[in-house]
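Scroll down for the structure; my scribbles are underneath it.
Order of writing sets the chain letters: A, B, C and D. Residues in each chain are counted from 1.
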Amino acid sequence: MNELVEHGNPQNWYLVLSTILFSIGVMGVLFRRNGLIILMCVELMLNSVNLLLVSFSAYSGNTEGQVFVFFIMVVAAAEVAVGLALLVSIYRNLASTDINILSKLKW
Amino acid sequence: MDNFINLTQLITPASLIPLFPLLGFFITALFGKQLKHFSGWFASAMILLSFGLALHLFLNLPANQSLNFNLFNWIKWGNINLAFGFLIDPLSLVMLLVVTGIGFLIHLYSIGYMHHDEGFSRFFSYLNLFIFFMLLLVMGNSYLIMFIGWEGVGLCSYLLIGFWFKNDSYNDAAKKAFIMNRVGDLGFLIGMFFMLFYLGGLDFETVNANAINYPAGSSLLVAITLLLFVGAMGKSAQIPLYTWLPDAMAGPTPVSALIHAATMVTAGIYMIARSNLIFALAPFTMEVVMWVGVITSIFAAIIGIKQTDIKKVLAYSTVSQLGLMFAALGIGAFESGMFHVVTHAFFKALLFLGAGSVIHAMGGEQDMRYMGGLGKYIRITWLTFLIGTLAISGIFPFAGFFSKDEILAASFGANKTVWILLSISSMMTVFYMFRLFFLTFSKSFRGTEEQKHHLHESPWTMTLPLIVLAIFSVGAGFLGMPAVMSSTHYFSQYLAPVFEGSKSLITEHHHADHGTELMLIGIALSAAAISIGLAWSFYVSKNQIPEDEPQGLSKWVANKFYIDELYNTIIVKPIMVISDILFVLVDKLVVDLIVMAAAWIVGFTGRTLRLVQTGNTGFYIFAMVIGMMVLMFIQLVY
Amino acid sequence: MLSLTLLFIPLAASLLLLFSRGGLSRNLALVLTLVQLGFTAYAYTVFNAEGAVPFDFLRNWSAKPFINVHFSMDGMSLLMVILTNLLLPLIVLSGYNREIERPHIFYSLMLFMQFALNGVFIAFDGFIYYIFWELALIPIYFISFNWGGQNRTQVTLKFFIYTLAGSLLMLFAFLFLYNGTPTHSLDWAVLISNKACACNQTWLFWLFFIAFAIKIPIVPFHTWQPDTYKTAPTQGTMLLSGIMLKMGTYSLIRWLIPVVPEGVKEWQYIAIGLSVAGIVYASIIAIMQSDLKRLLAYSSIAHVGLISAGIFAMNLTGMQGSLIQMFAHGINVVGLFFCADIIFNRTQNPNVEGLGGIRLVAPKFATWFMVIILGSVALPLTNGFVGEFMLLFGVYEYNTWLSVFAGLTIILGAVYMLRMYQKVVLGEPIMENMVFPDLYWNEKVVLISIGILIFFFGIFPNTIIELTEPFLKTITK
Amino acid sequence: MNTIIYTSVLGFFCMIAEIFNFRKLIVPVLVLGLAVIFGLNLNDWNSNQAFFNNMVKVDNFSVAFGGLAIFVTLLVFILSTDFYAEDQNHLSDYMSILTFVLVGALMMFSYANLTMLFLGIETLSIALYVMAGSKRFDVRSNEAGFKYFLMGSFASCFLLFGIALIYGSTGTFDIAKITEYTIQNQQNISPLFYTGMVMVVFAMLFKVSAAPFHFWAPDVYEGSPALVTAYMSTLVKIAAFGAFYKLMSATFFYTSWKAEIILNAAAILTLAVGNLMALAQTNFKRLLAYSGISHAGYLMLIIISAKNQPAGALFYYSLAYSLSTLAAFAIAIPIFKAAGSEEISAFNGLAKKKPLAAAAMSMAMLGLAGIPPFAGFLGKYYIFTEALQSGFFYTTLTAIFASMIGVYYYFKVILAMYGKPANEVEMGNSFNYNLVLWLCIALSLFFGLYPAPILNIF
């Protein structure tokens, strides 16, 4: 970690930050059991990627990365919409958003 | 081979000899129902035709010449050609005449004997088939053709012993005969492989031509001859493969006469006589042959003393006589062995047929304890049987005297121990044969009234063969008179070309001088006389009848030294147990289990592994992250 | 094109049969198999006159992976084709007075099997050969499974998976070879001229060997066989034992030995040892078997053990003997299973111990049964003898003691066969009220044909040798 | 390019059709439209055009796989008329979403830029999340949808992170330029690039349901409506492998990264897991899910030998696999409906009631098991030759053993049909199902016997 930073490329700070954000998101998905919170964690992961892309884009002077971020935002919105819809229908049927109860399908 | 015009003319009749019995077999087998009792006559006629042709060959084949021809290539591969061909020479001619001649008489006899049997046609078809194979055996010009006949007669023996297939003990006897023969056949087969591999062929000519390139006593020839002898042991019922022959008496009596006395069982002697050259080149084997013969001869004679079944006595007597012949071969007296084959064929066939006639008269009874005094009722049988008994006992001037004397004389020259043992065996032979004779024909009848009422002489088809055989049992011996009596030994002279090769290899020691010879004759005759006297005193004077349950040593003898039981315990039972063990423990449990276990392990892994799929999303994601980390690890660190 | 016709007739027949019903199916099947037999006879005359050339058919099927459709015929192929097409009418006829459900499918599968078997024997490209090899498995599986006896589900599944596992190993071997040849071809001629390197031959040998050993079967890969033979309907068992296991032994000579010579030489001793051990092992087990079909199955293992031993002796004698014996065993074992079927069909009793006395009521049957047994125990002048003689001699050329051990088969064979015959046919009837009509016409025709074949090839084995020797000479050099 | 646009138009039509009450027209128009698009697609053969600044590239690969995808969709749509017969209200939604799945798949075949790959995957996935959960009142369907959604979006995040890292190290999303970059800087490639690659590969392995990222597949296949399962196990699998292959053949093997080890390990594990876990299954859809995983294992052999350019093998195998699977579903769906159960026992005794259907099902199973003469066998053979030529001896051997195990579970279905006593299930005849069924079987046989046109397509 130090090595990355000491080389003097400030881009690496962004890299570290988005990696941390991404990891937090992964941890959240791993350890939280509430469907909504997991959804939010996924959003966090996506946004960490956005941050990373923007920073890369800015430092390399290439705008492609920023365009990509727009795509990600659009897709994330769609994804959240679908995810929430599914969650709603689960909540209707099971009156819970705990993903642990989703274990009818196994073995 | 010399190819005289007249020799080639003989090919056709020679080829036809085995074809007639084969034709007879097919006709009687296929049309038995339609032919009814005519099938017996037809079958006999076929054999008579063969006999005629054999006689034709005998008369027209020039002396010192043989007829060797191939009919077609049977198996031909690589540079090996196993042709199907015949060899007609003095040796095979002698056997041809014996087989067809006695065969015909026994066919004739069977017409009467089997008259009431429901399997009449079947019987004759088997008999004809037997003659066919026997002819192949003696006519073949190679070991392979001989082997065809060899196995074929084994088959017919099987079929005929088990002729009355409803009785399971008969079937057992038949099976036993076939299987024991097969044991010998394996030896024969492997012996043939040796010959084919090292001696370049299987026909007698090639084998002999190549064998003389090997030094006498070379291990190859010893191996070959020993293996061939194993075959002979099986077929000719020598120790240790003899137990099938007494059991083989389960078959109809003509079968016992033809197959198990006169012809088939002598095939072993014929085979060794045929291979005299290679046997002569293997002195060790000759020793083995001799000792096996001697021991068998004595051993069987001992057992014969205590038997009560008329046919069993004759059977053991056959084993004993065959042992005698092997002893002769082992000494190197091939002609004497063959001579005894011929004379034995006559008188043993006679004895069996006589016994058959007795059994016929007794309505199927075979136990001598329930006979006695039959001489009064069945005169022809009685007389012919007496001739046979005298012949086998070696009483001058009956046939057995000459041949047996020749063997004893030869053994005296070769090995005194052997001579003593063989003499003892002969004495015992005389004893049990007269025991048989007295128990059966002398004194008073011991059977039931019903049987007594039924006693009658057999029809002419049965007595005629008896008479003819009796004539030969008297006369055949004069073909080979000892040097004391005649300057020409017709039989040896006739066969001389066959044994030419081996003569020089065998040390000439059996031509004792006239004085010794006379002495030997005297000893033999007086021993015989003593035995007859003993038998007379036991079974006529004292009127002893063998007890039902003998005690002590005689119990062992009467039970044939428990050899059958021994074989049963050390061979048959273990194989059965092993069979069960292999099936249940090895096949089902081990071999199959490995296969099934492999399948089960796969299935078990599947059943266990599916539990990993818990249905819990958290776990799934966790596993994915772990997998991801492993990938990272491989990429960045590993 | 002649080879294609050989394939086309049974295939078309198989499809045609699907549209027939009831009694028509079996008649049609018989006629069509006879047509195929007739054509085979014609092929034989053509082969005798012009050799293999008219049978050669070579087309490219696919460029990548490179696959040729290559059919051809040499003496050995022709021999096996003759065996197949000779036995099929007999097998069809043998089912004539049996109640068979849905006969049109049954016979259709049977003819499809014939198609596949013909294909196996005339395919000269590894890939095509493999396809036919697998194709042959499917109809026989369904025949055994749908028309089989008790436990058919487990037994036939075991059979299918076991043999298929072997085939997949063979597939791997072919893939290996495909990779090993510079031209990426599996053509037989290419494979035998392009020796795989010695290091790979061990692999190749074992892959091929296990595949064939399962099919043949060589002990200890045989455990699928007795149960399958017992369970399958008799016509299926006939196909399995008469022809299908010859696929394995045929393939040893066609593929394994010429293609992987070094590997075979290296492991020859194990292969031949297993084969010979299998002979004695199976023979001894057969002695005490109480189930008739299972007994015959073990006897079959013993016989094919000798065949494979002869093949692995790798000399002309052994191989020639094996071909003769394949032909002979095909005929004999079909006869034996047919006899077993006749008995079971009339008495419903599969147990050797419970039978007996059949000879009293059915002498003709007893006679023909005996004839077939004689062929099977290798009595001289029957077809079994020539094969066994040459096989044992072939093994002898390899090793004397081994041949003595293998030779025990002639003793043990007699023991179990005669014991079985005695218990089943001779003696007094044990079963009460046994109704045992003597042979019906179709049974007579089948058994007499088999009897004639037994003696014909026993007396004129040269007809087979002349056909196959040129080929065998090329691979034993 | 036209293909993608026209297909999207079809999708929009479906959505609008509901408004104009054209419900009856939806399926006919879709089928006809797809048939036309199929033709248009073929028209692009050998055209090799690039669109939108090299975002999309139409080459023979994309045309061929696009054609296959359209064909599979066509067959699924033919099945859909009967499948949705009782659920006409949502027909337009379902059909349009299914069409958008196809759009996503088409993008995945023709991308030339990681952006398009991402968009393609997401278009396909999001549509599928919806379809998996489309039986709203069925808890199992909900569960399937949500599980798929959770894991899918989680994997997408990794894909994105990986793409971002690749972008960071190479400065571009363009595949060709990335390839160029790796060739030029062979010695000093940034570790970021490798990390990114591993993440992308992870995401792709997830999409193709390779072990150990396969967990979603059985649950989702089992829970989804049968038609969606059919669609998932054919089209989606093809799309994922098409994209994966394209990625691997284009970029990955020019660098010294350890793809070979990773992918080999994944292939072996997938083969083992897929086949072993399938053994004990009793639910037919779940069985086919595991079968799908095991086929993913075979297809992984193509991915690992991607440097030999075995696109032909991939295409042939995908075709063979899709045909057999669709045939199986074409029989299974009506039986499931009639029996109200999706267990294998629903097939019990089918041979007695419907011998033809049973025969067809057997052929489908034999095709899946890879037994000649069906196309599945030659496909396998082709794959194995490719893998062996690339030197993956043990992986191929594993695949051989896997095939042995595979036979067993496919035969379970056959055994149920032929060996078990018949159940009470009464099923009618449907022209559409039979059409698809026999078309698939016939094609499977046809391509098995006459493979040359397909095998040598590239």
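Basically, contacts are C-beta pairs under 8 Å (C-beta built on N, C-alpha and C of every residue); 3 or more make two chains touch, one makes a residue touch a chain.
These figures come from a predicted structure and were not determined experimentally.
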Maximum centroid distance from chain A, chain identifier (CA atoms): B
Most central chain, Cα average position: C
Whole-Å gap between the CA centroids of chain B and chain C: 37
Inter-centroid spacing, chain D versus chain A (mean Cα positions, whole Å): 27
Centre-of-Cα separation between chain D and chain B, whole angstrom: 78
CA centroid of chain A to CA centroid of chain B, Å: 98
Where chain A touches two or more other chains, by residue: 29, 99, 102-106
Residues of chain D engaged with two or more neighbouring chains: 146-147, 150, 154, 218-219
Residue list for chain C, restricted to those that touch at least two other chains: 161
Which pairs of chains touch, using the document's own definition: A-B, A-D, B-C, B-D, C-D
Of all residues in chain C, those that touch chain D in their complex: 61-65, 105, 127, 130-131, 134-135, 137-138, 142, 145-146, 152-153, 157, 160-161, 164-165, 168-169, 171-172, 175-176, 178-179, 184
Of all residues in chain B, those that touch chain A in their complex: 610-611, 613-618, 621-622, 625
Chain B - residues contacting chain C, complex: 73-78, 80, 147-148, 151-152, 155, 158, 162, 165-168, 171-172, 175, 178-179, 182-183, 185-186, 189-190, 193, 196-197, 575-576, 578-580, 582-583, 586-587, 591-592, 594-595, 599
Footprint of chain A on chain D - complex, ascending: 115, 118-119, 122, 126, 129-130, 133, 136-137, 139-140, 142-147, 149-150, 153-154, 156-157, 160-161, 163-165, 167-168, 171-173, 192, 218-220, 222-223
Touch list for chain C against partner chain B, complex: 158, 161-162, 219-220, 222-224, 281, 284-289, 316-317, 320, 357, 359-360, 374, 379-381, 385-386, 389-390, 392-393, 396-397, 400, 403-404, 407-408, 410-411, 414-415, 418-419, 422, 426-428, 459, 461-462, 465, 469, 473
